[in-house]
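The two complexes that follow have chain A in common; it is paired with chain B in the first and with chain C in the second.
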Partner chain A sequence: MSFKRVLIANRGEIAVRIIRACRMLGIETVATVSDADRDSLPARLADRSVCIGPARAAASYLSVDTVVTAAVGCGCDALHPGYGFLAENAALAEACEQAGVAFVGPRPATLREMGNKIRARTLAVRTGVPVVPGSGDVADYERAREVVHDIGLPILLKAAAGGGGRGMQVVREIDELRGAFETASAEARAAFGDGTLYVERLISNARHIEVQILGDRYGKVVHVGERDCTLQRRHQKIVEEGPAVLIPDRLRNGIRQAAVDLALSMDYENAGTVEFIVDQDRDEFFFLETNTRIQVEHPVTEALTGIDLVRDQLRIAAGEPLAFDQAQIRLQGHAIECRINAEAVYDGFRPSPGRIREWRPPVYPYVRLDTHCYPGYVVPPFYDSLLAKLVVVGENRAQAIARMQRALHEFSVDGIETTLPFLRALLQRPEYTAGAVHTRWVEAVIAEPDFADGLGRRDVQTIAARQPT
Partner chain B sequence: MPDLTFQDVLDILRLIDSGQFQELEIEFDGTRVKVTRHTGTTAGGTGPATESVGEVMQPPEPATVLDAQEQGAGPKAGDAQPSTSKAPAQRPLVEIPNRIDVKPPMAGTYYAAPAPNAAPFVDVDRRVRKGDSLGIVEVMKLFTPVLAPCDGTVRLIFVNNEEFVQSDQTLMVMQADA
Partner chain C sequence: MIARVTQEDLVDILQAFEASGFTRLELTLGPLRVAAKRVGAADGGGVESLASAAQVVAPLLGIFQAGSHSNAPALVRPGTRVQADTIIGFISVMRKLTAVKAGRRGTVAQVLVEDGQFVEYGQTLLQVSTQSAAAESERPESHCVNAR
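== the complex of A and B ==
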């Protein structure tokens, strides 16, 4: 069976991506838009669009009742939540179930189980997957002190209900612990309504590696390779690539197997990502968390395998079995994705909403661009700053980097500030090309006195790139 | 929005599905719900891309909502967006000695309190120290505090919680300590 009409409970580039996947499958689409997104690209591309409320996300894209109402009212038989907003919200998945609308994602129980980071950790331990040395929930400062006594400093305090770095604190000295505990707990309570914390040993020289998995309703789980997302700023990924050629084969194979084991242990259905941290000093890997949704950086995997992950999400949700076995999945070449955000890097990454006057992406056979932007589009101030994801493939990492550098230089945007100049500078650094980086490397580079100054205002480099070569 | 429930919206959609009319407009408690049907294009999904089937609209003009809410409008209150939150208490315009206007660090959505159900950072006549948080401005998920520019007393508040503010907009007026 297949769906007839899918509601897209999201906005921006991922809404565009889902609409295109639906169209290729012959499925009608209904885009949900806030007042601020009425003229957006998803609204234009979808077969219909329905306004679900005011600009403020809490009253529109984050309202479970409203999106379910829209799905039912528009006669949709499925709802795709994209990423962010309500994508990992078990209440939405349950409300869909009750309304007879298929939720394109894992079962509510899986969302709930993986949404609590402590329970996810416990499941990993039970499955034999290594977790970062640390604790279960720490009820108070005294308990946190005991844990620190056992595992040593430095540590990370993390929110059980967490995500996006909120409710997270690094503790390097024991006398910082009390203050950090209180701050993290208060932040977690404010952000997630749950102040529960747990402790992990801080791994200084770390790589972030994550495995894409797909599972169907009939107990079959495959991995679709991994992505290296070590380049981050404030826990937000900036550049992602795959496969993870910069870690030993033994670790890479172990991580892939661990992800499949974990997914099998919970009868994982639909697409998901199992995140790991690799300790580069000890050549060990540890489970971090499972993201129960399609991820921003999924095009990296698609570029390597030719698998359309969003299409497979829709097929799985419609009850179809996976159409391929593990042995049929081949990773070819090397892929890199850069996230282009509306931010002024020279001014402390200040958000830069506004009208895009010029939008000229590079066009090459090896370039893919996922975006909702176009010349004249007004980037609203209400949502995240992601404008586009630029993806390139090459035969190997060196070629992919060279192609990405070329593509970044030819990408020209005017009217708003973007992170393009920053990405150009970052990918030229010898540490990046050599792979000698860790998860806090980007922040160290930004902190260098000359780095941000050198980026200057606006896109001087694109002027040169526009000359015929 | 007043108490418009999930079920109400479904009932409204059913109503329009069962009738012959093109447009249905229901108004209650200052909220107007307008549903428009575009004939001949909804079936088969071949219609124009920007078509809307059901629109739940916020009150379009501030007039009706603000009438009920204005409790002594300050000079900027006319620009205020309709909001379901209570307008801040204000007093008639008077000369304020050592007047310092507080402006946001950037354009964005203003929050008067650190969390949805928490008490506001400041009220009128609150004493503050330089660097105290007076509010938060959010733009593209970046939250930036509005900080007191000096020691003094908050005398006027012109901004509503969750209002969109411009970078040159005066949010509050402080009386700086002499």
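== the complex of A and C ==
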């Protein structure tokens, strides 16, 4: 059984990606667009587009009732939510179920379980998957000392009752513990009316590794390799690559198995990603969270395996069993993805919407570009700044890096500011090529006065000089 | 003396008019008379007042309901006089109803959607004529007359 018509409840490059997957399966597509996206590429590529509301996402892309009504009104038998917006919204999955529209994603119960961090952590512990070592509630200094004795230093003290950084203290030396505990506890009491703390190990030299999984309705789960997403800024991924060749084999295999175990324990259906943090000083890994959707960086996995993840999402949602076994999945070569955003890096990553005057991506057999942009397209100011995902493959990491460097240098965009100059500079750094990085490395590089200075301004001047007066 | 006006000349003239920002054009070139008016342009203080039909659009996506409940007669039909706050129908989304108001004073000229029809955000539901009936005879469209 296959779907006849799919509603795409998203915009931008992922909407284009889903339309293409549907087209290859012979499925009709209906693109949902806000008033600001009426002339967008998804609207033109889809068999039909339907305007679901004003530019403001809360009244369009984020309205569960509206997208379900659109699906029913347009005669769709399935809805693909993409990523972001309503992708992990259990209420949408339930509303689809009630309306007789298949939701292309996990079951509502899975979305609910994994959406709750504490329940997800509990499930991981029950499955035997390691979580970041920590304590339960710690009411006094003596108890904190015992916990530190068990899990080691450095640690993070956090307010049990709240978040947002208040009541949070880093402790690196044991003689700092008493002072830090009293400060954190007092802050927590002031902010949340409860001075109870909890202790968590601080992993300062961390890598972010995540495993792509696929599960069908009949209890079969496979992993499709992992991605290394250590290059981040403010928890936003910037560069992703795979496979994770920079961690020991033993760890990589352990992480893959943990992801499959966790997925099996919840009868995971459809595509998902299990995220882990790797402590590079101790060679240990810990479960972070499960993302119950197709991810931005899924092309890395597709480039390595030849598996079309969006196509498989559609097949699984239509009730088909997985067409391959774990042993048939082979990862070949090395893949890197760079996210190109409409942002002025030299100005604190200020968003830079506007008309794209020139758009010239590199063309090579080893390059893939996922984008909704074209010359003349106006990037609207209402949504996230992702313009394109540039993906390259190589036989090994060194070749992939060299190819990515060349592709970035050849990519030419004019009219708006992009993160291309930033990516070029970042991927030239010896720490990146050597793999000597951690999750806060990008922020440390940006903080270097010389680094940010050379970015973009020169490009802006060049553009200004070229403009006729 | 004026040379014979070719079809290309005429296209150039109309393109120049379109780019000009003016709303009306009247031109006599020997035996040829050209008259054009920009479609949908509001004619402010011209020689004669043309009819203007205002569109009432769907404020959200959903199912159009013409009556006050699912089997009730339509609230408005062509010829119905409306005020700005007259409810002309409802949009139903997951059984929640949102009233749609006419938004201006006038007469319903045309109803473009049927009861129970799925409508998009911004889709035209009906047209309200906001001018007197006397001005409605002249239609706002571009025309070209060869008066030779």
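Everything that follows uses one rule, which is that the second predicted complex is superposed on the first by the 390 of 469 C-alpha atoms of A that agree within 3 Å, B and C clash if a C-alpha of one lies under 4 Å from a C-alpha of the other, contacts with A are read in each partner's own complex, and residues count from 1 in each chain.
Keep this in mind: a residue touches a chain if its C-beta (ideal position, glycine included) is under 8 Å from a C-beta of that chain, and two chains touch if they have at least 3 such contacts.
What you are looking at is a predicted structure, and each value in this text was computed from that prediction instead of being measured.
Enquirer: Report clash or fit for the pair chain B and chain C bound to chain A in the combined superposed model.
Expert: clash
Enquirer: More residues of chain A are touched by which partner: chain B or chain C?
Expert: Touching more residues of chain A than the other partner does is B.
Enquirer: In the overlay, answer first, second, both or neither for which of chain B and chain C A:68 touches.
Expert: In the superposition, A:68 touches chain B and chain C alike.
Enquirer: In the superposed arrangement, does A:303 touch chain B (first), chain C (second), both or neither?
Expert: neither
Enquirer: A:294 in the overlay: touching chain B, chain C, both, or neither? Say first, second, both or neither.
Expert: Neither chain B nor chain C is touched by A:294.
Enquirer: Is A:353 touching the first partner chain B, the second partner chain C, both, or neither of them?
Expert: first
Enquirer: What residues on chain A does chain C touch that chain B touches too?
Expert: Dual-contact residues (chain A): 35, 50-54, 59, 65-66, 68-70, 73-74.
Enquirer: Given the complex with chain C, which residues does chain A contribute to the contact?
Expert: 35, 50-54, 59-60, 65-66, 68-70, 73-74, 95
Enquirer: Touching chain A in the complex: which residues of chain B?
Expert: Touching chain A: residues 1, 5-6, 9-10, 13, 42, 45-47, 49-58, 106-109, 114-115, 139-142, 162, 164 of chain B.
Enquirer: Enumerate the contact residues on chain A facing chain B in the complex.
Expert: Residue list for chain A touching chain B: 5, 28-30, 35, 39, 43-56, 59, 65-66, 68-70, 72-74, 190, 342-343, 350-351, 353, 381-385.
Enquirer: Mind pulling up the chain C residues that touch chain A in the complex?
Expert: Those in contact with chain A are residues 60-63, 93-94, 96, 118, 120-123.
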